[in-house]
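The next block holds one structure in the form of structure tokens; read it before the comments.
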Amino acid sequence: MIQAAVVGAAGYIGGELLRLLINHPGVELTAATSRTLRGRPVDSVHPNLRGRTRLTFSAEEQLDHCDVLFLATPHRETMRRMPEFLAAAGVVIDLSGDFRLHDADVYEHYYGTPHEARDLLPTFTPGIPELHRERLRVADRISVPGCMANAGILALTPLADGGLIRGDITVDARTGSSGSGAKAGSENLHAERSGALRVFAPTRHRHEAEISLATQHTVRMTATGVEAVRGVQLLCRVALGEGADARAIRARYRAAYADEPFVRIVAAKRGMHRFPDPKILSGSNFCDVGFALDEGASTVTVIAALDNLVKGGAGNAVQCMNVRFGEPEDRGLEFTGLHPN
Amino acid sequence: MIQAAVVGAAGYIGGELLRLLINHPGVELTAATSRTLRGRPVDSVHPNLRGRTRLTFSAEEQLDHCDVLFLATPHRETMRRMPEFLAAAGVVIDLSGDFRLHDADVYEHYYGTPHEARDLLPTFTPGIPELHRERLRVADRISVPGCMANAGILALTPLADGGLIRGDITVDARTGSSGSGAKAGSENLHAERSGALRVFAPTRHRHEAEISLATQHTVRMTATGVEAVRGVQLLCRVALGEGADARAIRARYRAAYADEPFVRIVAAKRGMHRFPDPKILSGSNFCDVGFALDEGASTVTVIAALDNLVKGGAGNAVQCMNVRFGEPEDRGLEFTGLHPN
Amino acid sequence: MIQAAVVGAAGYIGGELLRLLINHPGVELTAATSRTLRGRPVDSVHPNLRGRTRLTFSAEEQLDHCDVLFLATPHRETMRRMPEFLAAAGVVIDLSGDFRLHDADVYEHYYGTPHEARDLLPTFTPGIPELHRERLRVADRISVPGCMANAGILALTPLADGGLIRGDITVDARTGSSGSGAKAGSENLHAERSGALRVFAPTRHRHEAEISLATQHTVRMTATGVEAVRGVQLLCRVALGEGADARAIRARYRAAYADEPFVRIVAAKRGMHRFPDPKILSGSNFCDVGFALDEGASTVTVIAALDNLVKGGAGNAVQCMNVRFGEPEDRGLEFTGLHPN
Amino acid sequence: MIQAAVVGAAGYIGGELLRLLINHPGVELTAATSRTLRGRPVDSVHPNLRGRTRLTFSAEEQLDHCDVLFLATPHRETMRRMPEFLAAAGVVIDLSGDFRLHDADVYEHYYGTPHEARDLLPTFTPGIPELHRERLRVADRISVPGCMANAGILALTPLADGGLIRGDITVDARTGSSGSGAKAGSENLHAERSGALRVFAPTRHRHEAEISLATQHTVRMTATGVEAVRGVQLLCRVALGEGADARAIRARYRAAYADEPFVRIVAAKRGMHRFPDPKILSGSNFCDVGFALDEGASTVTVIAALDNLVKGGAGNAVQCMNVRFGEPEDRGLEFTGLHPN
């Protein structure tokens, strides 16, 4: 059994890690820490876990050494405390933003604060099994991408690696409210957020930088909060290079994802489920990817969707753990999602 | 022109008062106070008023004397400051809970704090034109009922006054999230509140006491938060007394409401709009009331719906103002509501 | 492996059966029939199953004999074709309404049509493991209760069997839109149904009859469509008999459900998750049951919630199959539900 | 009084026309036609009109001559019957798609059918007061733009006319479900449409052609159905030409819209209401327009929002009528929209 612990388990990503780890047959969840809820049952804030666990939140000082430590901690705090975390476990899987951008200057530009652990940056492997599976098999330090970043990277790297992308990339990202976390603020008050189409980041969203680094193209991303609790959907508009037609593009995606357990190519000719939609992905670890060419085949719109708390966070982190510890990659991640939902 | 001011104008009831008063042709809005937002434009927190007003929030000390003062202040604070408010205007219309219950002991039982202005209690007239129109024409102190209370009182008083109700009344109340006000709390975080069916008051909701006093029957009310921003719907289950059949009940409602501008009897035999539904009432001042008898005609289910911020608050208060100042009763309240919505 | 087939697999209950059976390690899904979609892949209408199955819909004539046949067919048609279904499988689990009411006269009263297989009625065992587990271990004909009925029966039978209920029972039921099935009609058009609080059955809902037969009390149920796709919640108001206090009631529920895998007692003193809410149950097989007494302890409000397609239908049917075939009762039903969702 | 009639009054656009015309002090609504609902009260399908009108649907043959005829009829049928409509009224305001595209070849390309009234095409004036007010004062044939088209045209023409746009325009359009009309289809079933992010038109949406003709730029528009009943929001990404900086862009919008009654410039530096959001526009005739430049000021994202049934249809048509008949332009269109909503 893999001994696993979660730091920052009271939030939404933390709670999702608990849900997946508690139900994972190969894992023993040894601790779930919270600064504010020490001693309280975890199901008091994660009511879906009622009857499934008697675990209570522990203080971070009490952390015993474990095989794998999942970090659902805020950025800045994470890089400052990373040495302590690294000492506490053989493998650290970080879900914060601090070790996603290998370039410290880019980090400072997007996060508005200098990176405080530059020397550790290169020691982290991106938590993207579809791109870095072999490295992840032996990685002790894993940084899981942002929810929108993961969708964008899975949507675009097959085209970018194939040299099919010409010039800049435009990304229109839509996200549900759980991406903002469990902290109450007037902007996430139900009466304000319900039914909103809120352009909260017209430029410079942090996940834009991750997609840009992965694709080596300039990315112009706009982020809009839509009426949903879970779910991320990206529309990526790309100008196509020479010899990029529908066949070539489909071939690239087939080559990239035909054998992937959690990436599905969704591009139907008709019907109401033609393209990726997060509506049917809640709770599942799938990232659905589809595409549509304009008439002149000079541009393609790539569409990607996932559950921001699963394939966009906790589920992807558990998938990385499975790869790292030699478990079947889909173990504990079999849930298919619901329809209708 | 009626000179009107609003105390506590930054909240949702306050904002709705601003919307209605700014668009009321017979009213000059002289002030909108806020402790925290003094000096800021009112449309910075009420964006629907953009382009309709240049008004900024003022401090409460700056209140000049006006014809009518609307109080959208918290309970307890309201009763404590009432003497100051009474000195500031010829007519005071209170939307807080402090002067709704004429019996100070009932107030203490339901609000968990002693009433601090018992002598003023009998000087307030209930802000229910359908029941107290003549008194309101000359009332200088008006207390507007709670949103669910107004729905329940309008639903049940025709039967209660007709002696058709036998024994206790069961009320199942459903409400949108705006009823909780504009203060952020984790229970109203979008991710928690969205799609919820939250039984937040299985017993002892404060509005229960208002319905009980108005009907002179014991009321057992349960309140559930449902997925909506605006809207209240009540299902009232009543055991019927002698000679209460469908015809008698319909006659009671016709007699009570046939000439009322804002109460519609909605009880169709078929179709998808058979009974009152707040879905089509957002922004309107209607309270729709309908009913259905069980087969034995021994019980009747009375259904009422309204917009908690309009007929359940600000709109009802403006209707009271119209009555008091001799304006056409529906002036500034003509909006019909939207379908679909 | 249990050889299982689903008749009427294109609808929502049928699709949920496919989801659960495909992911059930002890089951081989041999056929999914549809009149209209013969030959089409099942994931063309159930997109959550993409990548999980290559099954196509088959015609009903092609049904080979199997161990267990699940019927997601309309009422009336089901009772007419039952002989044919019984011949096709060792065990038949019916999810239609035709064999839920053992009294043919009650059936005719609520369904408005005479029962056409009266002789078969007594041969069916109610698909409620919590009440009939031992009978289900050997039952070859199982009739799964209606979604609201199952919630009401699980909420009320511990009190009814304990003689704690005095007189009639009032039930306020709320349901999501998936309960109406996958057939398009103007009343379920998104623009009409979204945000609705539609009292579609003020009296005589068919599920009322099931609760009444199970509790042996008159039940007055009102059914309201609320803004949700999945989810049922019931508020049951009961007058209490002698010696029924909070301790006695809690003891009854503990005795009834402490060892049940899929019924959780949810009645917290505080917090935002005090009572059962279907919001966190989507996809899970739990039925949460809670209660609250009024001050005088003369009445109790029992609250129950479940996912209408799972514990209210397909999941409950699979649980019955597990009992009947000696599988672990929670096999294939481990999903905990999501929070937030 | 302006004598007005509505053809095709049973649909959503038709119902919205009825709501606005019934409440318009300068209009007498003489007829509302419906093929299928002849003789039935209009409030039987438009329940928000209860108590406001006793009008019943009439057959189209019964149409008396009137001052202005609003056409809420399907495309194709509209162009075929246009001669009959033109004979029935002094002024015809068409809300169908048939006379929006002045180029019959573009029409055929986007609508997949040849235009059958080419000679009439040039006789129609676009129903866009902000661009064609003077022509509309004397126009007898007015074609109101599509809901997304109107948002896109109001968002982009100030930049296009100023020569600030370089190259193609990318438009990401989001729309609520009421845009699909009142006809039931499985794709608009609540269970399927609720919470969806459905890319239903990745390319070639018909409204794209209108924006392209108005701006004289190639437009690549993607249309996504989002969780909302009403509301359209467009994100338009534009590469900027020489000398286009924030000041120049703001100046263009100020010059274009400072005096417009129904276009508001919404581009705040902070807060949760920074950019246009249809959430607060339901029922109002506003089109809010805002913009954000990327860091290099080489591209700008223009954001526009409106209520598809009001400024995107019926309200805009009534505004055109006001212009044509010399009424105050905002008459009958004063509703501000609700917050929260």
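By written order: A, B, C and D. Residues from 1 in each chain.
To be clear about the criterion, a contact is a pair of C-beta atoms (placed from the backbone, for glycine too) under 8 Å apart; a residue touches a chain by one contact, two chains touch by 3 or more.
Here is each chain with its UniProt name: A, B, C, D = N-acetyl-gamma-glutamyl-phosphate reductase.
Quick caveat: nothing in here was measured; it's all calculated off a predicted structure.
Matching residue numbers shows that B-D is the pair in B-C, A-D or B-D whose interface repeats A-C, with more than half of the contact pairs in common. Distance from chain A peaks, on a Cα-centroid basis, for B.
Chain B and chain C have Cα centroids lying 38 Å from one another. Centre-to-centre separation of chain B and chain D, using mean CA positions: 35 Å.
Averaged C-alpha coordinates put the centre of chain C at 45 Å from the centre of chain D.
Contacts with at least two other chains are made by residues 12, 178, 182, 186, 191-192, 194-195, 229, 340-341 of chain A.
Viewed as a network of touching protein chains, the structure reduces to a complete graph with every chain in contact with every other. Looking at the complex, you find that chain A touches chain D at residues 170, 172, 174, 186-187, 191-192, 194-200, 202-204, 220, 222, 224, 226-228, 231, 233, 235, 237, 272, 274-275, 277-279, 292-295, 299, 301, 303, 305, 340-341. Only residues 12, 176-178, 180, 182, 184-186, 188-195, 229 of chain D touch chain C when the two sit together in their complex. Residues 12, 15, 19, 22-23, 44, 46-52, 178, 182, 229-230, 264, 266, 271, 273, 280, 282-284, 286, 288, 334-341 of chain A are the ones touching chain C in the complex.
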